[in-house]
Amino acid sequence: MRRPIKTRSHKAGLPPGTAVHIGARHTEATRIRVMRYSAEAFEEREIQSVDELAAMRGQGVLWLHVTGVHDVEFIARLGDAFGLHPLVREDIANTEQRPKLEDYGEYVYVVVKLLRDGGGAPGVRAEQISLILGRDFVLSFEEAEPSVFEAIRDRVRQARGFVRAEGADYLVYSLLDAVVDNYFIVLERFGERIEALQEELIARGRRNSHRAELALHGLRREMVLLRRNVWPLREVIGTLERGGSALFQRETWVYLRDVYDHVIHMIDTLESFHEILTYTLDIYLLNATNRLNEIIKVLTVIATLFIPPTLIASIYGMNFRYMPELAWIWGYPLALVLMLVVAIGMLIFFRRKRWF
Amino acid sequence: MRRPIKTRSHKAGLPPGTAVHIGARHTEATRIRVMRYSAEAFEEREIQSVDELAAMRGQGVLWLHVTGVHDVEFIARLGDAFGLHPLVREDIANTEQRPKLEDYGEYVYVVVKLLRDGGGAPGVRAEQISLILGRDFVLSFEEAEPSVFEAIRDRVRQARGFVRAEGADYLVYSLLDAVVDNYFIVLERFGERIEALQEELIARGRRNSHRAELALHGLRREMVLLRRNVWPLREVIGTLERGGSALFQRETWVYLRDVYDHVIHMIDTLESFHEILTYTLDIYLLNATNRLNEIIKVLTVIATLFIPPTLIASIYGMNFRYMPELAWIWGYPLALVLMLVVAIGMLIFFRRKRWF
Amino acid sequence: MRRPIKTRSHKAGLPPGTAVHIGARHTEATRIRVMRYSAEAFEEREIQSVDELAAMRGQGVLWLHVTGVHDVEFIARLGDAFGLHPLVREDIANTEQRPKLEDYGEYVYVVVKLLRDGGGAPGVRAEQISLILGRDFVLSFEEAEPSVFEAIRDRVRQARGFVRAEGADYLVYSLLDAVVDNYFIVLERFGERIEALQEELIARGRRNSHRAELALHGLRREMVLLRRNVWPLREVIGTLERGGSALFQRETWVYLRDVYDHVIHMIDTLESFHEILTYTLDIYLLNATNRLNEIIKVLTVIATLFIPPTLIASIYGMNFRYMPELAWIWGYPLALVLMLVVAIGMLIFFRRKRWF
Amino acid sequence: MRRPIKTRSHKAGLPPGTAVHIGARHTEATRIRVMRYSAEAFEEREIQSVDELAAMRGQGVLWLHVTGVHDVEFIARLGDAFGLHPLVREDIANTEQRPKLEDYGEYVYVVVKLLRDGGGAPGVRAEQISLILGRDFVLSFEEAEPSVFEAIRDRVRQARGFVRAEGADYLVYSLLDAVVDNYFIVLERFGERIEALQEELIARGRRNSHRAELALHGLRREMVLLRRNVWPLREVIGTLERGGSALFQRETWVYLRDVYDHVIHMIDTLESFHEILTYTLDIYLLNATNRLNEIIKVLTVIATLFIPPTLIASIYGMNFRYMPELAWIWGYPLALVLMLVVAIGMLIFFRRKRWF
Amino acid sequence: MRRPIKTRSHKAGLPPGTAVHIGARHTEATRIRVMRYSAEAFEEREIQSVDELAAMRGQGVLWLHVTGVHDVEFIARLGDAFGLHPLVREDIANTEQRPKLEDYGEYVYVVVKLLRDGGGAPGVRAEQISLILGRDFVLSFEEAEPSVFEAIRDRVRQARGFVRAEGADYLVYSLLDAVVDNYFIVLERFGERIEALQEELIARGRRNSHRAELALHGLRREMVLLRRNVWPLREVIGTLERGGSALFQRETWVYLRDVYDHVIHMIDTLESFHEILTYTLDIYLLNATNRLNEIIKVLTVIATLFIPPTLIASIYGMNFRYMPELAWIWGYPLALVLMLVVAIGMLIFFRRKRWF
């Protein structure tokens, strides 16, 4: 669970609109990359302060991408430059947020979560992406490198696809699409882990291991995280797709609808995984129950085979003076045969009653 | 689970509108069958390239049916010929999609899933059907042979039913109806398998087998697949039935309502199956619990019958010098009788207390 | 489950509007009873063919009631006579349908399910009732005798209640009311069976029998059937009650609202039964668990009472040459006392630790 | 369950609008109390027949309260006097109804359920209250004494609160408020019983008693009854609060909203109780499981402590001629020590492996 | 559960609008703090009676904050001074209420719950906050000290943030924001406790302690309390945020939307916690099952290792006259070897069958 609201509480008592960095710090330095492009022109630069932007106010779409959101000072100055509401500045720095869409008229503010697979270790990490769409500019904020938008930057640079020919809204669509496509990678790996767990539980002679149990717990825990980050996307993208913001042109709607379809597909997949996880737990429990039954069956077989003959042996170990059998020549072998008969007889009897 | 999003992730990073074949490849060659029909005229042909279509632009409804969607090149040219949006071209080739309906004004794009029973082996396979309805043409895409639309082709050829007398929208209705009817075959076989499993679990002396368990797991897994493919149909057909597209004439609505009723019926059936599966699991668990109780009862009966007499025998096996009973003539038989009395007494005692 | 979609699949591939009898055949001959009535006049007849209807086209409401829906030929001719849509003809003969309401403008088509208690045997059978309301006629179709509408026929004959004074819509309301009232009989008997099962499980010394288990499974299975047939009624009657069809006069709405209330009441009852069944299963499981605990307690008591004394007896059964106790005069009785003390001591010890 | 629809089925077959008393009969005689009041005037009387009402047709609000609804004859005549619809007359006598609100234009008919605690015995009884609000009259029907409205009668008599100054709608609000306040008494006692059960299950050394189990079953059964009667109130009062009837003046809405808030609060409480009951069952089950583990641990300790030494004793009880240990002087004590060492060693071994 | 409706029932029978203090009394004296402020001016006072207010009727926003709501007399006089509806006066004193929003036109009445962590002891206490917003005044009621609004008072005094520059509606927003921020502190600590419990259950050799069980029960109980108090907030703040009251200016909406987002985030977190608690219970149960399996495995190993050799020893302890083995010189060691072989053989046999 990684204490989802851990640092949120530090903010209680501060006046609203106070930008404070909340959440883990995933990068050291803040990096600011600016692009200005139109169908014909293209310019790219990496800047250190907001003041350098003045030089780039030209024609076309301005895309300013920030990596690292802990520099509250910088965000404040950026907010001044683009006229952002104090609450938006606050929210950019606060990485413990729910995906949401806020329309401020002049610009639209979108928060989504980027899921990053933990590389070697299992487990998923959620980072926050903030997007601000104005009439001719796009601001995007990412918590850490490597950037999930690198492929889009390449497309802009090389004028591949439609991105250079379209407006700022198409760029925001492209960014959202990249984030959503990223989810599929995470979901796919998640699905593979479920599948591997199931196969292990079903196939291998129906035995549960502590490792399988930990894997099951881990998957359920991640499921909670995934659902929390994926479900709200449905509302965010759905509102955009239904033309909820005047900053998106009609032609872009059809593309947003496509992203929306992907989100719905993702939710479907996630809910399928949820059902599958639920019944994987059932399999685990069934295995444990079957196992218990088997062990107890062993115990019962032992008891049935050996306890009755032990009684017979104990009887002939009694020290009574008058026990005629003891003097018989065939006494000993007969006793052994009797033991065998009793043991086998009980086995047969229980078998008949279908108790084994 | 067949890795439901396995290949989707390969697409991350490509610009939108790039058609890439995603999913398993179910057929070798792409096969293109074209029909043009009206109430009076009928023409049928199998073509190799889109160019041959030019010769068929006449009167009536044009139905172009494609088997195999992996030939991205062909789909691109078909898209040019019929003016399809890049996203539609992309979606036709991507067989990992959710059933959906998209109205592009000039044409409507419908994606549904066809469920194919695995023949001899249990298990259901989902294939994707794409349908595009224009003013006077219908494009349909199927992943593999045998075509589920063969009966409709026959009806068109022989002018049976109303299909020749009606427009392109009636043809799309017929295709949807064929797909939905196909679901009933799958559902019916699914129902039979549940029933067979239940009968086995309830009837056969209440014993669980590993086979029954695997059958149960398999049914639950398929249930997830079925629900994922059937539920979205409700929205797709429901939108059409409520007159959601101008390309469908009012007279066709009543037919679409009929398909919609079938879908609702199917969902009802599916949810019933879901409930039945849930309580089948309960039966399985109850059986396991009952079984455990029975085995432990055996163990307890053994212990109760034999352990107390063993104590008595052990007592008379002690080597004390002064044990008067050992010298009695009736000592031995009395000891045996005592054992019997103790064993029977305990049985009676526990019976009275209703412990057996 | 009675294979709810068993025969549906036989229809796949037929053109829509083809009337085929689907479902079990509950009666041999088709029986057609016709009534024509107004506030003043009344005429009743049993006819053999649709042609005989011509003679009855007079004043007032015409009520044609058909028992048995397997005669596809007859339904086709009736459809011609009353101008029914091909899909309606198809649906009348197809008894595997979901309750539904279809407004064709000129007439309304209503499908509901009649539940028949299995008489002596437990279990409920669902039959299909089709009702068609035109401006001045009512067609009703029932699968088998005895007719659930007999009481209404009597009321029409004897001009009891308001039925003769009202129009065709009031007759349809009366028929729906009769079907819904019939549900209450089934629900009541269902409730009694649940209650009987509960009392058996709770009262009788908390023991589960295989019979109780089968009863529980049977009730859950029927619950699925009941819910499938009752829930859709809500929508059907609800639409009528809210004035969803122009063929029902405003004065009849208040009566339809009354039926609607009954349906809602029924659903409430059904859902209560569902909850009660769920916790009945819990009772059953609790019983099984308690039972297991008790049996194992017996085993443990036996082990605790007899195994330690057996050890003592075995010790004094050892053949060491130098065992001073063996030579004591009080050795034997002391050994017996020791056994007793150990057994009782352990019992007291475990009691203290609250292990029994 | 008290057979919730027991007598409903007796009505099947009767024409609608036939008043028949359905349900248990809670009182012997029908008692009719009439009040007529305005801000200034007040008159109270107990009448025997509807005819006596003629004398009271004056100024102000007429409140006629009937205790006992089994006198169908009287209800019929009252219905004539106040122009009630046949279905309303039928519903007043039928006490097996769901809370509902019916607006007949001239008057509003409201059915709610009164919950009465069973006094000494646990368990709740539901009685039916029918309220009819006309322009200047209120009819109220209660099944039995003591009347829940006595406090309101006192308020009217003594002109306390606003009731005398307001219209008939305020009186109906007051009656509804009294019924809802009554629920809180029932809910409070229900809550106390849950709490007592929980404390017993958690605190007392984690042991389940049959009494606790019966209490748990009883609470779940009552929960079903409570939910059935409380949930529909939400809709009834909610419709009134949103101005759903023209007979309620705007000034009364704010009071109805207050009742509505109480109902919502009640539902919240009820659902909390439902969750708490659910986890109380979990506690019960956990206790049973823990108990089982403990008993089996006892068994295992016994077996571990005594079975291995018994083997050793049995070995030295063997009658082989050449067993050197038997002749040793220290043989016997060494054997005893060996037994002790083995028993303690096994205990230590299992402890190390954390098996105890 | 703390008897959520305990004292509510004492009110049954009183006329509506009667203010009675309901709930626990958290403070001794009522304390009344008044502030009047505008962008320029600021005045603060602590008053003893409502009469002292007359002196403060000047310019700007009047904020009257009351700590302690049991002084019904004072509330009544305050109600007269500000023209509050009798039901509002009643609700302020009744601390057993559900969060709600009531618009009386001239003023808005908001009830929310403040959650206070129990300091050292685990467990959460809910207190009631009543807020009344008029055109230029705000009344706030808190049950006890320390006040959660202290930080806001400081902000007003020192003119920090926007509060002095904005109207009364912004003050109410600030108060709501403070209450909601307070929830995050509670939620955070709740999350930490869940996490600690999980770690204990998963990590420490998979053993359940009674302490962990009590912690689990406690968390589930608090979860019920948290949900009851948090969920209704969504509706309350949501209505305000959508402009549901004319007393809130458009500029304040964006701030209310921010609070609303926090509430939604909180609900998300709460539901995640709910899921996590559910699977924590599963972990607990799995542990108990695994534990049982392990104990029984020990028992079975003991039985398998020692019971068969005991039989052999008992056999050679029999007193038959003719038992040739007894006279063998190697008889004794051979018997011991036989015992060893049997024990090891059975272990190997069961291992092969994968029973251990």
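Chains: A, B, C, D and E, in written order; residue numbering restarts at 1 for each.
Here, contacts are C-beta pairs under 8 Å (C-beta built on N, C-alpha and C of every residue); 3 or more make two chains touch, one makes a residue touch a chain.
Because the structure is predicted, anything quoted here is derived from the model rather than measured.
S.K.: Take chain B away without moving anything else; what clusters of touching chains remain?
M.R.: Result with chain B masked: one piece.
S.K.: Give the rotation angle, in degrees and rounded to the nearest 5, that superposes the C-alpha atoms of chain B onto those of its identical copy chain D.
M.R.: 145
S.K.: Between copies chain C and chain D, are the contact residues mostly the same numbers or mostly different, with half as the line?
M.R.: Counting shared over all numbers used gives less than one half: different.
S.K.: If you average the CA atoms of chain A and of chain E, how far apart do the two points sit, in angstrom?
M.R.: Once rounded, the distance between the two centres reads 26 Å.
S.K.: Using mean C-alpha positions as chain centres, tell me how far chain A is from chain D in Å, no decimals.
M.R.: 42
S.K.: Could you list the positions in chain C whose residues touch two or more of the other chains?
M.R.: Residue numbers touching two or more other chains: 289, 292, 296, 299, 303, 307, 310, 314, 317-319, 323.
S.K.: What pattern do the touching chains form: line, ring, star, complete or other?
M.R.: Shape = ring; chains linked end to end, path closes on itself.
S.K.: Could you give the sequence of chains met when travelling the ring from chain D by way of chain E?
M.R.: D, E, A, B, C
S.K.: Can you check the complex and tell me which residues of chain A touch chain B?
M.R.: 151, 155, 160-163, 174, 177-178, 181-182, 184-185, 187-188, 191-192, 194-195, 198, 202, 206, 254-255, 257-258, 261, 264-265, 268-269, 272, 275-276, 279, 282-283, 286, 289-290, 292-293, 296-297, 299-300, 303-304, 307-308, 310-311, 314-315, 317-323, 346, 350, 354-355
S.K.: Flag every residue of chain E that touches chain D in the complex, lowest number first.
M.R.: Chain E residues touching chain D: 1, 3-6, 8-9, 11-13, 15-18, 85, 87, 97-98, 100, 102, 104, 205, 207-208, 210, 213-214, 217, 220-221, 224, 228, 232, 281, 284-285, 288-289, 291-292, 294-296, 298-299, 302-303, 306-307, 309-310, 313-314, 316-319, 323, 325-329, 331-332, 335-336, 339.
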